[in-house]
Amino acid sequence: MITIYKNQNGSTQVVDRVDPDWLRPDSGVWVWVDLAAPTPEDSRILSDVFHFHELAIEDALAEIHHPKVESYGDYLYLILHGIDFKAREHAFKTQEIDFFLGRQYLVTFHGGTSRSIGRIAEICGRNERILGEGPATLFYRIVDTMVDNYRPEVDKLSDRLDALEKEIFSRPKSTLVRRILDFKRDIASLRRVIMPERDAIGRLARREFPQISESLSYRFRDVHDHLIRFADEAVYFQDRISSLLDAYLSNVSNQLNAVMKVLTIISTIFMPMTVLTGLYGMNVPLPHLPGGENAQFWWILAIMAGVTCAMLLFFRRRNWL
Amino acid sequence: MITIYKNQNGSTQVVDRVDPDWLRPDSGVWVWVDLAAPTPEDSRILSDVFHFHELAIEDALAEIHHPKVESYGDYLYLILHGIDFKAREHAFKTQEIDFFLGRQYLVTFHGGTSRSIGRIAEICGRNERILGEGPATLFYRIVDTMVDNYRPEVDKLSDRLDALEKEIFSRPKSTLVRRILDFKRDIASLRRVIMPERDAIGRLARREFPQISESLSYRFRDVHDHLIRFADEAVYFQDRISSLLDAYLSNVSNQLNAVMKVLTIISTIFMPMTVLTGLYGMNVPLPHLPGGENAQFWWILAIMAGVTCAMLLFFRRRNWL
Amino acid sequence: MITIYKNQNGSTQVVDRVDPDWLRPDSGVWVWVDLAAPTPEDSRILSDVFHFHELAIEDALAEIHHPKVESYGDYLYLILHGIDFKAREHAFKTQEIDFFLGRQYLVTFHGGTSRSIGRIAEICGRNERILGEGPATLFYRIVDTMVDNYRPEVDKLSDRLDALEKEIFSRPKSTLVRRILDFKRDIASLRRVIMPERDAIGRLARREFPQISESLSYRFRDVHDHLIRFADEAVYFQDRISSLLDAYLSNVSNQLNAVMKVLTIISTIFMPMTVLTGLYGMNVPLPHLPGGENAQFWWILAIMAGVTCAMLLFFRRRNWL
Amino acid sequence: MITIYKNQNGSTQVVDRVDPDWLRPDSGVWVWVDLAAPTPEDSRILSDVFHFHELAIEDALAEIHHPKVESYGDYLYLILHGIDFKAREHAFKTQEIDFFLGRQYLVTFHGGTSRSIGRIAEICGRNERILGEGPATLFYRIVDTMVDNYRPEVDKLSDRLDALEKEIFSRPKSTLVRRILDFKRDIASLRRVIMPERDAIGRLARREFPQISESLSYRFRDVHDHLIRFADEAVYFQDRISSLLDAYLSNVSNQLNAVMKVLTIISTIFMPMTVLTGLYGMNVPLPHLPGGENAQFWWILAIMAGVTCAMLLFFRRRNWL
Amino acid sequence: MITIYKNQNGSTQVVDRVDPDWLRPDSGVWVWVDLAAPTPEDSRILSDVFHFHELAIEDALAEIHHPKVESYGDYLYLILHGIDFKAREHAFKTQEIDFFLGRQYLVTFHGGTSRSIGRIAEICGRNERILGEGPATLFYRIVDTMVDNYRPEVDKLSDRLDALEKEIFSRPKSTLVRRILDFKRDIASLRRVIMPERDAIGRLARREFPQISESLSYRFRDVHDHLIRFADEAVYFQDRISSLLDAYLSNVSNQLNAVMKVLTIISTIFMPMTVLTGLYGMNVPLPHLPGGENAQFWWILAIMAGVTCAMLLFFRRRNWL
């Protein structure tokens, strides 16, 4: 679906086609073309009207790309990603948006409904002045909304990490490994989106491209700052998840230790008893044993109790109990 | 086998020798010389006709090299690799292709049949216009085809990684270590091809060499972009494989834990029973035991059942059952 | 709460509003505005009187940010952090202070009571000359006090690390893992404050901004130096904590070894004894055994003692005892 | 031992002293002075005739140094290493050669017999033209021979690594750890020679020094390329050796698992049997047991066989058998 | 204690105060002021006579600092460290020396007796010419002596590492972990001194400061070279120590394996025997057993021996014996 906003002398209209005359430097007109889940038909506007480079168009049509920014002289081509953390599927669903930013136009291209673009379109509908600020500022507004949408997703991840940590220390189960590794993957995929995005926005903030004015570069510096923090948090998450794996594995070792102690204590107590009962069960005269021929059962029980107590004392001194 | 394509005024002929006159700057002719599995005889064209630097020729004749790009003033010498993942042998078979790119010629040199070059030659056969674009564009087309061929190979690797992951979590066997480490090696060998290739193509994309025009540099930027993604995926694969090793090792520990718990439970239940049977088997009068001289068998069984239940309850409370 | 210090011709007054005239370059006046836990009303001075950039104001109002320095042409905007290590909560409570440093003013903005600013304000109260040195020097004094306050906090952390180390080697308990990992997190959060702070101050020390005079840059170089040392100590702490984890895990393994040795020694001694007592308890004539039909109990005990001694010797030779 | 080759007008003589006049820029003479295991007497030529910097002479006399290249204005001072892998001693014996390369002389200085220099000297003996190419080309020839000699040594290491890998997977023994760690050390020492060597030759290839002509720089680029590959292989070896350590340790864990399973299976089968025989051995009337007072031995054996089968089934279902 | 050497027209005197006139550029005099464990009184010369920057003086008075070099325009301020490895205390005692290097003076400031400065002072006493070379050369001589003193300390560390390695492989004890980790700390502290020292000297070698002449820069390049090697050795030590930890931990695992094998072998042999003796001890008629009612003891022993042999064969085939 194509939506075209034409802005002339500060007033905005939604039109249904782009007149190539508008794109002339002195036309006094600028347009925002939003291609949402475009048909091949719709996409033809990129080449026929705007004459974008075929490789940029190819990249836009192919859905899977890394965030990047590329200058084609007159216009910038950017790929940025919105994120949407689906905890159940252990994957950050990323929503790719392609931007073509020229002096007199902004073209946005995305597969489905984008929350950020929807939001900005809605604001523009309410407030004509927004579109009056020109394509670069509009572009900034979309990017800013997009990056602001990261916060709740990252917080969700952080919360789930806290929950996992609690569980590891309270109820370690062997299935937790899988969840830890799934988390590690989530975080890696988060980093793979944020890192190149941070670098792309950083280039806008450093004013590498003439399309970005100085006052706008301050704003992109702010967005860049947010992305630096997200990247930093992703690194921190990675640290934490590997600590959790350490904790889990050390827990497993400790459990093994505990199990082995139980076994050792039990064996050490009952084995001497077995020998003792065996001794008194031999078909052999026991002349000088405690109790001798008329061995008293109580004597035997007393010896057993003694051995048990000695063993328990020995283990307590070793800090096993 | 040498195949020589001569292009003059837009029309292409397959000829069987290169006239040194054609290589003069104003000849209006350009040639593509493809040396497939050349005999030493064939290879002599590199020195006799093209007068390439002896070191570049030496590199081309020696088959094992890293991807690289080198400028020899008038011409570029490049080594690039096609890949062909042989899962069974746990090795990326790489197919080295050497390129000599001059103003009026492209020389390709490769050991056997190259899929990419075969494909381009076939296209050229169908469409004369392709060769009319000049040697640098032809070179780009071959490289692009080559890098496009990476995708299915990398996807194959990714699929096998998924399969391995499933197996580790469902049926951990001690032979899996070997497969994990084999995988690690596959991925390392993939990285060793892609990383230098990415850097070599990156230098073309940044227009470090005058042989590459600006419009062509956009195209190489696109190829570079693909290689960045492959490199990125290789790093991601490495992360995953080391996670899988962690998972495998933690599984081994968990199994040990499980085995030890079984042993401990069994021992803890049967050892007291053994002592009990031993007690009643002693050649000693048991005056005041339950049952005394006329000990009832049922009493004994009841005590045994009691001990067993107590133990089971103890283990359940410890979360072992 | 707003406190405004006005300095004119070397004498200082506390006033209750800022006259925009004072901010003119030739006014001969400079002001220090300290906003401590300001109400929204108070904060309005940032935009209404000083006309700071809206993004800087937004950053100042939002409390959670990374240390950074940003130039807005006429003035610098800095975020720095005081630290306050709360051992019990395993967190460095960081106290963010925002600075706006212009030619004729310093605006400090912080959430609650800041020790460093409190201290400097008190010194200024006693010594009018301090404020006479101008806003940049005052800013330096606050930063210097702030960074000096890091030392006891970092030392506290170091002491607790020593205590933890002692405990790991003397009384390893399974709960120590959690404490080690908590420590790791403390240190990571310390680094996350110090690293960007070091970089921000480093930019002041290198005189990237005209607000910092050469003589002041020497002073910032000194502060930078302190921060480099803190960063270095944080890296060193991280090394130590990971060594402690290694030590702990190896201790767990050693304990397991020790437990298993006890079990093996006990089993190896008592199992042959059990068989021996079983042998003599069989309902089978023992014609040629030591003691034969009239087996002497002492013989049996002697054999048992012999087996035990042989076993103990065997284990001693293996270095188990 | 000093060997001096004097080259004038394309003809070479072996002379026994260097006339300082030859070193004048317009003398038309150049010399190659080879100092093999020189006496202190011999070494005096460095200072007395060539007037090299005292620090360079000191470095040459002291045998243990890292590969490096240093410019002393008129001449270059280089330290390079030949390698000789002694598998038995787990050490790369490196043979240091010092070079002084000036406009009209090459001085080589080495402790004993150097294979590379011996080879070049022999070639020079057969072919006078070689020395006619000047000192820089001669220097290149020596370096090239030296680096070519690395290949068989590195291949030897690679072969031994393959053998070790095979052994780890087929016959894991506890002594393998030591061999793995010895290997790790070998590889580290290989890297310590190759890395600085690569950087030193890289500086020659990039023509940082006027002593190296452009055509020679192509040749050094080729040597540099070889060293890059060796460095790359060393990194790859390191990866492999750490994978082998992982494999070894996981093998140890798997063995422990296997041992514990045997113990558990045996215990689980024989413990109930012991209780059973104990039961029937009690001095207690067994009125209602299978067989009762006249208990049939076959009944008992049948119960035992039943317990054994049940246990074996249980373990098979757990994948232990 | 202050010692002041005054050098004028090549002749040196020990004087007891510095005349500010000497510090004038055209005085023809230069002085070396050595402050060894100075009293606050002594230290006043830094500010009163030389007018050094207060921050540099503060740094000199405070003893704990990182090696660094700082330019204060006219003079350089350096902090360098002598090292003294105290094996028993597991710490590199570092001896800080502060240098102020100006055109006509060198001020050295150190806490106690410095071996390097003592040595140089002694040489100066014997040889007046040394001081005649000027302050920068004197400074170089002190630094060179200092760095030369590192060699025996680093070699001591290396020897102790060898000893530790031997011990780990011959007599692994659980207390070795602690020693390994202590070593790790020693090496980390060595690196923390050498790394910044190397960088500081590197800046002198690259002639970043006008105080260092070209001929002197060659000498500092040599010192820099030594420090690079020490840094390299420190990295190598770190690699080795982590290999040793790996070796130790794998040894612990192997020991556990060995212990478990002993337990399993013993249990597997004696458990069937126990059942056998139990069988013959049952109060049940054994009609068809080998030996039947008149069971021969020898039959039973033969069965036991058979079971034992079968078990031993089984374990030998599994490579346990």
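Per-chain residue numbering starts at 1, and chain names A, B, C, D and E are given in the order in which the chains are listed.
Rule of thumb we're sticking to: a residue touches a chain if its C-beta (ideal position, glycine included) is under 8 Å from a C-beta of that chain, and two chains touch if they have at least 3 such contacts.
None of these values were measured; they are calculated from a predicted model.
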Length of the line joining the C-alpha centres of subunit A and subunit D, rounded to whole Å: 41
Centre-to-centre distance between subunit B and subunit A (centres being mean Cα positions), rounded to whole Å: 25
Residues of subunit A touching at least two other chains: 253, 256, 260, 263, 267, 271, 274, 278, 281-283
Chain-level touch network, classified as line, ring, star, complete or other: ring
Direction subunit E, origin subunit D - full chain order round the ring: D, E, C, A, B
In the complex with subunit C, residue positions of subunit E that touch it: 53, 55, 58-59, 65-66, 68, 70, 72, 171, 174, 177-178, 181, 184-185, 188, 192, 245, 248-249, 252-253, 255-256, 259-260, 262-263, 266-267, 270-271, 273-274, 276-278, 280-283, 291, 294-297, 300
Of all residues in subunit E, those that touch subunit D in their complex: 169, 218-219, 221-222, 225, 228-229, 232, 236, 239-240, 243, 246-247, 250-251, 253-254, 256-258, 260-261, 263-264, 267-268, 271-272, 274-275, 278-279, 281-289, 319-320
